[in-house]
Amino acid sequence: MDFNILMYFVFGMVAIAGGLVLLFAKHPIKGAMGLLVSMLALAGLYAILQAHSIAVFQVIIYAGAIMVLIIYFLMLLDIKSEDYLKSYAKLVWTGGPILLLLAIFFIYKLYTVFKGQPGALSDMSTVVDPMTVPESFGGIKEFSTALLTKYMFAFEFVSTLLFAAIVAVISIVQLDWRGRKND
Amino acid sequence: MESTFLGINTVHFWTYLFLAGVIFLFMFMMGAVMSWSERKQSAQLQDRLGANRAAIPLPFGKKLAVLGFINNLADALKCLVKENFKPQTENKVIYNLAIFFAFIPAVLSVAVVPFAGVIKPAELFQAWYLKWVPWLPEYFAANLPDFSFRLQVANLNVGLLFIFAVGGINVFGAILAGWSSNNKFSMMGGMRSAAQMISYEVSMGLALLGIIFIYQNVDIWNLVQGQSELAWGWLPKWGIFLQPLAFFLFLAAAVAENKRMPFDLPEAESEIIAGYFTEYSGFKMLLFMFAEFIEIVFVAIMVTTLFFGGYSVPWLMADGFHFPWGATLALSHASVVLLQVFSFISKVFFFCWLLQQIRWSLPRFRYDQLMHLGWKILLPLAILNLVITVIIVALGGF
Amino acid sequence: MKEVTFTVDGKEITVPEGTLIIDACEENGIYIPRFCYHKHLFPSGNCRMCLVKIEKNPKPQPSCMTQVSDGMIVYTDTPEISEMRKAMLEFVLINHPLDCPICDKAGECMLQDQYMEFSGDKSRFNETKVAKEKLYHFSDKILYDAERCITCSRCVRFTEEVSKTNKLGILNRGDTSYVALAHGDTFDDPYSYCVTDICPVGALTSKKFRFKERVWYLHKTESICAGCSRGCNITIETKDNKIYRVRPRENEKVNQSWMCDFARDFYIDPMKNRTSGTQVDHKNVTYENVVGEVVSLLKEHGNEMTFVLSAYATNEELALAKQLIDSAEVKGIFTKPDRVWHEGSEEVKSDDILVKEDKTPNMTGIRKIFPAAKDLSEMIISDYKYAFVWGPNAAVDKLDGLQIISLSAMRDQVSDKAKWAIAGRFAAEKHGSFTNCDGIVQPFRRALKGENNYDELIFFVGILKGLGVEPVGRTVEEVRKAAE
Amino acid sequence: MSYQIPGLPDMEYMDRQKRTFLTQIYYREVARGVWITTKHFFRNMWKWMTFRKGGVVVQYPEETRPDMSPNNRGRHVLVQRSNGESRCVACQMCGTVCPAECITIEAEESKNSTIQRKPKVFDIDISRCIFCGFCVEACPVDAIRMLASTENLVGYNRFKMIYDKDTLLNWHPVVNDDVVHGYNP
């Protein structure tokens, strides 16, 4: 078996496992650790696809900066697991069907891809073979050029997503405060 | 037909595996040397004698103390055999995971650093002083006449960023250890270390941006290559000459990242016992200490590589010295490689010594002083340095 | 009784008529120094330490000889009185050898304490002190040091009034006077150790305690004597899990301030023939194993079992035992006079002072909790297959042919013969309470750490839990509370 | 801002209000500090390379300071009577006052009826002792003293650091033969 394929499966498994830990961990810190592992595994996936820049930025930005902040605040807040779970118990009824739909969609997508290309999995080695990609592929120059020209809008749009997330968090926290005042 | 192992060229595989082993071992040895110099050097500069008691008894009443090295062995032995205390925490997994987050990045990031230039084994083993294994030069000359590799474990084209990425993960070691120890002092240590490391990472990154702009690269190999060149025909293009301010900023920020004196607030003994690793004992504590020592070596390696030309020796080319006044001194390939390795390691040793000297000379900063230095001094200076560099580079400077 | 009111140092005090000033003051928190006065002895008034100023009286009066009267105004702390105390102490100390470093009384000596509190002056006596006999062997228990003696006559009055042997007397007069026995006599009094307790200085010391330990190192535990059914209140003084001495504790209703020599030896002499650990068929097994076996035995053969109670058991243990007997439906309950605790201790018959005929501490408690318990001699062996024997000294021949479970602190024929042997604890090693012959329930605390990790209470709690019964309590306090 | 202490050179203290930028970035001060320690470092290294001792410390069990004060509280000794017995009466004063609780005494009856009491066991655990000298102060019969010497107070085995009565009596007093008969205040 090709080393890259092997690592692809290893990292893929770890990423999925990290995601599952994030979903099912009772303690928020453990969930954050799951997310962190998932991020690192994603970086590994990028790396075996020869996209070194993306892999490294994945680690610097997500694992090194955002996760540190998340864990920092989780520690400061010292959320007790039970309260945390109770407030999210209702979300299962809305989130569950959405998750199910997404899963069906992805399975369908995979099915169509592999239906069209019977040898897709074994061909992956040729896709990620270092010999077949140009020397400069995944370099910082190419990455920057692509990011700041072609994907400029997407890049900026994602940052609005983060902004939206911040607004959501503040609104939730404020609601919580109001609830506590009545106690 | 080249043989392959898991899709990788077998010779490449074994070469890089061997290289990784050697460099890993080198880092460990350096860690041991640092823990020795932590005692002996501090003793020398404080007019003491330092650890010299532990010794192996020899026959005829003699003792083998080896300048206090046996103390290190005794320490390691003690840490291995002593009772392993565990705190009453519900997060045993994270408690144990934190050690790996602290230790692995310390040894991982050295993978992208070149220890010497290109090595051609077929030529290398021709030198009379390297003919230890008789069949080795014949094997390389017969089978792989053109095989060459760099003395660098991973040839990443984003090497400098890789170091930043791994250094960012390093924060988790302290923060998770502090949190999972279920101890107020550990928690404070973890918090302090997280705040400190995040603050100084900013200045460190900005200081290094100048280097990146000047050499137009983030590949460490190319950075060192760039520093091997000469400016005006005589001055090596070392980072210290082109970016003197960045050197000082980087040195301060790197010491702060390393959590050593005078920035050792996360483990300030007089305030919070041992900070984030208060609750670790025995071998786990040893790993934290060892990670710290290896990080000193790594800071020295970074300073060497980025500001002092890495392995490069002034005016040494692949075929020997080319002095600026026109004289040349031809050297064999093996001699050049050994000179480069020696140059690299001696520079690293010097900076290790300097870092220890700084650590044992200075008192600890107060927390507000630490933050003041990080955000109000280092950061503006780094930005200033960056702006000036960008203007000079845009004007076509070097 | 008629009450009188008088004033001490400006404080109005009401006491029954006939009370001595010194007692009335002490009850109200004013301590008057004394040497010769003892609460349970007739006052003699010879030490002159307790002088107080009484208004309209030209001279200070000894408070131990003066009864209060209505409207009396007493001062205990005038400059005159304190001068007199200082002078009195100086007088007493003139011939005192001051050999506190080698004196066993040092640390609890009334002379030391009162000198520190009421005088503190330096000696002005430059002449040679009168030398007297330093090692006067009164008996093989008591040693007398004439130099230290201040001739307060407490010991003499004790032999006259309490033990009524009239052995001691004071010979000679002035600075040559000393306590002495009749020529050729020995001080063989069953209460002789009491004189070492009441001696205010180190003149009378116990040979058993001599030079063993300094008194300030001893840890004092309030306990109840297990020597006989009188239940004297005692203080057990220990260090490093070893009993150094036992002293009586004041209790007006039971023993006043006295206890017998037998009981002191009983505690101090090292316990011989102790049991240890848990055995089944003379093989050491874990405690849990034995508890499990006893539980299954009680479950299956409870109705073929007889339960022989120990009169050394505390009330709390008996309460749990009762619960056990009721829940396991044990057939017969017997009790026995398990008198002897260690070999060689001399048998003391009863007397009319303290010692009782019944040498067990808690037979009254058994009678109260188990009114139906019969004496062991009335047992018919053929009725039973198993016997739970608690405590030592059961008649072995009465238990022939039975399978024995023995729970005893002392090794004897029964525990040797027992199939299941569990070591118990001695009275000084556990908490609990005894009911004495007059029906007074007296709690006591543990003075020694037992050798085993369990005591009888824990054992019974374990058995009850094994039987599926919730014990009324798991600690002595819980059981006591449940009993109330 | 300077501040004069008589007999000492002028000492400069930092005026926090007047710190310059150069002071605030610390680099110059760090360099000054490192320079001082580096001088020490190389001086000691040079001494070491020329086979001289660099540090000022005393390698205690092998070396002892020659300039020890005669009042130094070192090893304990027990004072003898003229017949070689200890003067101690086992009164436990030293054991009671000892803050480190390192003195163990067991008393026994002496054959001499004027002395009555003498120590059967007199142990000082030197590994626990803090050399405060309270035992010497407390002793009513001047039986325990401390020598100035600190030689051989260390050991590899902590049980060998418990000095028993014979060890404590094993010394040669320089004082004249001051015999005490019994306890005579």
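By letter and in written order, the chains are A, B, C and D; residue numbering begins at 1 in each of them.
One rule holds for everything that comes next: a residue touches a chain if its C-beta (ideal position, glycine included) is under 8 Å from a C-beta of that chain, and two chains touch if they have at least 3 such contacts.
Here the structure is a predicted model, which means the values were calculated and not measured.
Please indicate the chain closest to the centre of the assembly, with centres calculated from CA atoms only.
D
Count the C-beta pairs in contact for A-B and for B-D, then report the pair with the higher count.
A-B
Averaging over Cα atoms per chain, report the distance between chain A and chain B in Å.
So the centroids are 31 Å from each other.
Distance between chain B and chain D based on Cα centroids, please, to the nearest Å.
Each chain reduced to its C-alpha mean, chain B and chain D end up 45 Å apart.
Quick one: chain A and chain D, Cα centre-to-centre, how many Å?
Chain centres of chain A and chain D, defined by C-alpha means, are spaced 65 Å apart.
Go ahead and note the Å separation of the Cα centroids belonging to chain A and chain C.
Centre separation, chain A to chain C: 78 Å.
Can the chain contact pattern be summarised as a line, a ring, a star, a complete graph, or none of these (other)?
Shape = line; chains linked end to end, path left open.
Just spell out which pairs of chains touch, all of them.
Touching chain pairs, listed by label, come out as A-B, B-D, C-D.
In the complex, go through chain B and note every residue touching chain D.
Per the touch definition, chain B meets chain D at residues 41, 43-50, 248, 252, 354, 357-358, 360-362, 373, 377, 381.
How about chain B: which of its residues touch chain A in the complex?
Residues in contact with chain A: 6-8, 91, 93-94, 97, 156-158, 161-162, 164-169, 171-172, 175-176, 179, 187, 190-191, 194, 198, 201, 218.
Spell out the part of chain D that touches chain B in their complex, as residue ranges.
Interface residues on the chain D side: 24-27, 30, 33-34, 36-38, 40-41, 44-45, 48, 53-57, 59.
Which residues of chain C touch chain D once you look at their complex with the stated criterion?
Those residues of chain C that touch chain D are 98-102, 106, 134-135, 210-212, 214, 216-217.
If we count contacts the way the header does, which residues on chain A are in touch with chain B in the complex?
1-6, 27, 29-30, 33, 36, 40, 43, 52-53, 56-57, 59-60, 63-65, 67-68, 71-72, 75-76, 125, 136, 138-140
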